[in-house]
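If you scroll down you'll find the structure; I have some questions about it.
Each chain gets a letter, A, B and C, in the order it is written, and its residues are counted from 1.
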Amino acid sequence: MKQKIVLIITLCTSSFFIQAQDVNDLIDKVKQKMDLVNSYSVEAKMKTSVAFIKAPIGKVKIYFKKPDQIKLFKEKGISILPKGGVSVNFFTILNNSNLSIIDAGTTTVNGTSTRIVKLLPLSETSEIIISTLYIDEKNLLIRKSSTTTRENGSFEMEMFYGELQNFGLPSKMVFSFNVKDYKIPKGVTLDIDDDLSKEEKKKFQNKKGKIEFNYSNYIINKGIPNNIF
Amino acid sequence: MYTLFKIELYKIFKRPRTYIAFIAITALIGIIQLGLKVDGKEYISFVLGDLSNTLQINGNLCNGYFVCYCILQLLLVHVPLLIALIAADMISGEANMGTLRLLLSKPISRSEVIIGKFLAASVYTIFLLIWLAFLALIVSIFIFGTDDIFLIKNNYAVQIAANDIMWRYAGAFIFAALAMLTVTALAFFLSVFAENSIGPIVATISIIIFFTIFSTMSIPLFNKIKPFLFTTHMVAWKEFFDVKVDENNISIAGSIYRPDKIIYSAMVLIIHIVTLVSISIYALKKKDILS
Amino acid sequence: MQNTDIIQVKNLSKQFSKIHAVNDISFTVQQGDIYGFLGQNGAGKSTTIRMLLTLIKPTSGSIKIFGKDLQDNKKEILKNIGAIIEKPDVYKFLTAYQNLKIFAQLSGCKVSKEMLMNQLEMVGLASRAYDVVKTFSQGMKQRLGIAIALIHNPDVIILDEPTNGLDPQGIADIRNLIKRLSKEFNKTVLISSHLLNEIEQVATKILIIDKGKKIIEGTKQELLDPEQTIVEFETIEAEKAREKLIFSKWNTDTIFQNYNNISLSLPYEQIPSFHKFLAENNIPVFSFHQRNSLEDYFIKVTKENDVHAI
């Protein structure tokens, strides 16, 4: 009987250690995959979908250089981005050694089975409070992330991969965030009408925002001059 | 009537006071442009308000297109005064000068006199607007450059791509011309009933201010009369700067959100113009010239 | 030969609220007439003239000019009328030349620089053609008004108080111009004034209007009392002359002395014998003239009108 209990305890503990190792392993493997990319530039079509903003599709160029340099560049035109948001960078998050990694189980994201990994930066000055990654274990791809920041609220990112999934580079990313309701004095707008229907008014009070990036023309590991950043 | 029209145009542009309006517009626009050049960022922050707490809006927001929009918003309230200076003088000024009796004793019908004078006043109005357009748009583009335009409406914001703006301004200025011609018609109409131009000028401005108050205040009692006031429709030029969106809330280039509103407002203004000029013809035909 | 009726006014009335500014006036102006429209201020002269120029719509009555109804043929008729209505106001911010050009064009005539300068020359303004009217004296403005009235060579000229603000030379010039227009160019002139002297000296026919009503119409000769003429003479022996007169058959209460000038009223046909009387009494005469006093007539007639009104 005693032997049976010890066996069960040993098996459970081993299992626990195996799982714990799995999560760290998983993160390491994802990091290794990401390390294949030293730098990239990519063109993206940016669709800003905020309830109370009517914006056209914009064209941007994004530059990345290891370890943490990222720049979104719109040659011409106005870009609307959540504050502190889009330049969130998994490299920075994952390469932070002062990090607590917690396995939070599994779930399905867009039909793909993923492992939920919570990352807690241990530094009290870190901008990120917590970041939850939904990792596709089979392909070592981050399918989704949910991040809460100190200054700029929370946001979610959903990644969709295509040809460059071997480099961990998505073909599409959807960035979701919250927006505060805003009010503007009428004197500034000098608008006369306030004849929107109730449905329209309600629609405009929706506090969710979304930016969808559709990437194309990746140029990987060809070097990016520092002056871009 | 063409002879009379040419003569009236000649008289308008021979009077020094005609140029006051052009100088005033130049000065006003210059001041606005100077202010925005110096403090444009602060103004943009003010306009964006709370929005800048959540969103980072990058780009040249205080560009020529935006500046032009601001100028039009402000000046299309003040330009009517400058129009009234001339239009309100067309008949009453002649009566005051004593030339009306000489003019009307010539072999021209009174209808021809009204139409000829109104057309001349309209040409003046359009010239004024062309000058305003040049300063507000072309000079602003020169000073502030171009970029997308980002506008705050009452309930939402609109971003329009730079390559989708010029035609909107063309439409907006044409509409603004119609709005200003309504003011011309009003001032002209009042001029028929007076013997000097101060009365019609003051009356025109008072009516515009009065009606604008009704048009802008969201009081249920006023809401009933708003649709009939020309001041409610004069601002419909702004509809050129609102777009339709698709199911994903992405704006559709080349679209206008409420084109029917523009057409409806244009029709209301045209009806005002035709009515005011028609009554002017009738009134002058009936009037005994005692001046 | 019967002259053509150019202006025919029948039962013309104009009522402003309760005021009858013009009350049932009828008159006819024939071709070549210098028709004097005489009345005190506020009598209805200007109102009548404005009705002739379609500036005021009659309450009732009819106006025919050149044989055509005025209301139905306004443009055609006004092409052939030139007018000064009270003081001739023009565009003060324009030059004389520009003003003349504008009104010439509005009158429907073909305009050339030569024609305009000739017209300005005729009224003595050629040297000031390019000066703004703001700098003109009243007399110069009046002359410009006349130039404007005549530029399109109208057959009918209507002058409402044309000598207002003019100096004596200016008044004389207008008078001569009016006579020339009638005699040399066979123009029909309608001239209104409260200055009886002026009417008296130029008009061939006169209509007297008072309180909106026509008092009387006719030629000067028809209107005036052929019995009485006022004679005036100048002499250095005025006292002596006066004494002689008092003790003569010429003694009447009309004898009036003003320094060296003596005037008295006597029948027209006795003027030759009066000349003889002066000569026989050795009264040296330096100037002598007679006048048929329209002024006296006018005051008399309008007073009668007041009496009848009572």
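Keep in mind that, in the parts below, a residue touches a chain if its C-beta (ideal position, glycine included) is under 8 Å from a C-beta of that chain, and two chains touch if they have at least 3 such contacts.
A quick note: this is a predicted structure, and the numbers were derived from the prediction, not measured.
> Chain pair with the most contact pairs?
A-B
> Going by C-alpha centres, which chain would you call the most central?
Answer for the innermost chain: B.
> Please compute the C-alpha centroid of chain B, do the same for chain C, then give the distance between them in whole Å.
Whole-Å distance between the two chain centres: 53.
> Need the CA-centroid distance for the pair chain A / chain B, whole Å please.
49
> Take the average of all CA coordinates in chain A, do the same for chain C, and state the distance between these two points in whole angstrom.
Once rounded, the distance between the two centres reads 101 Å.
> Touching two or more other chains, which residues of chain C qualify?
If we look for residues of chain C contacting two or more partner chains, we find none.
> Once bound in the complex, which stretches of chain C touch chain B?
16, 50, 53-57, 74-79, 81, 83, 85-94, 98, 102-103, 105-108, 148
> Sort out for me which residues of chain B touch chain A in the complex.
Touch residues, chain B against chain A: 46-47, 49-51, 53-61, 73-74, 147-148, 150, 152-162, 164, 215-216, 218, 226, 232, 235, 238, 242-243, 245, 248-251, 253.
> Contact residues on chain A for chain B in the complex?
The contact residues of chain A facing chain B are 47-57, 74, 76-85, 153, 177-186, 188-194, 196, 200-201, 204, 209.
> Sort out for me which residues of chain B touch chain C in the complex.
Going through chain B, the ones touching chain C are 3-4, 7, 10-11, 14-16, 97-99, 101-109, 286, 288-290.
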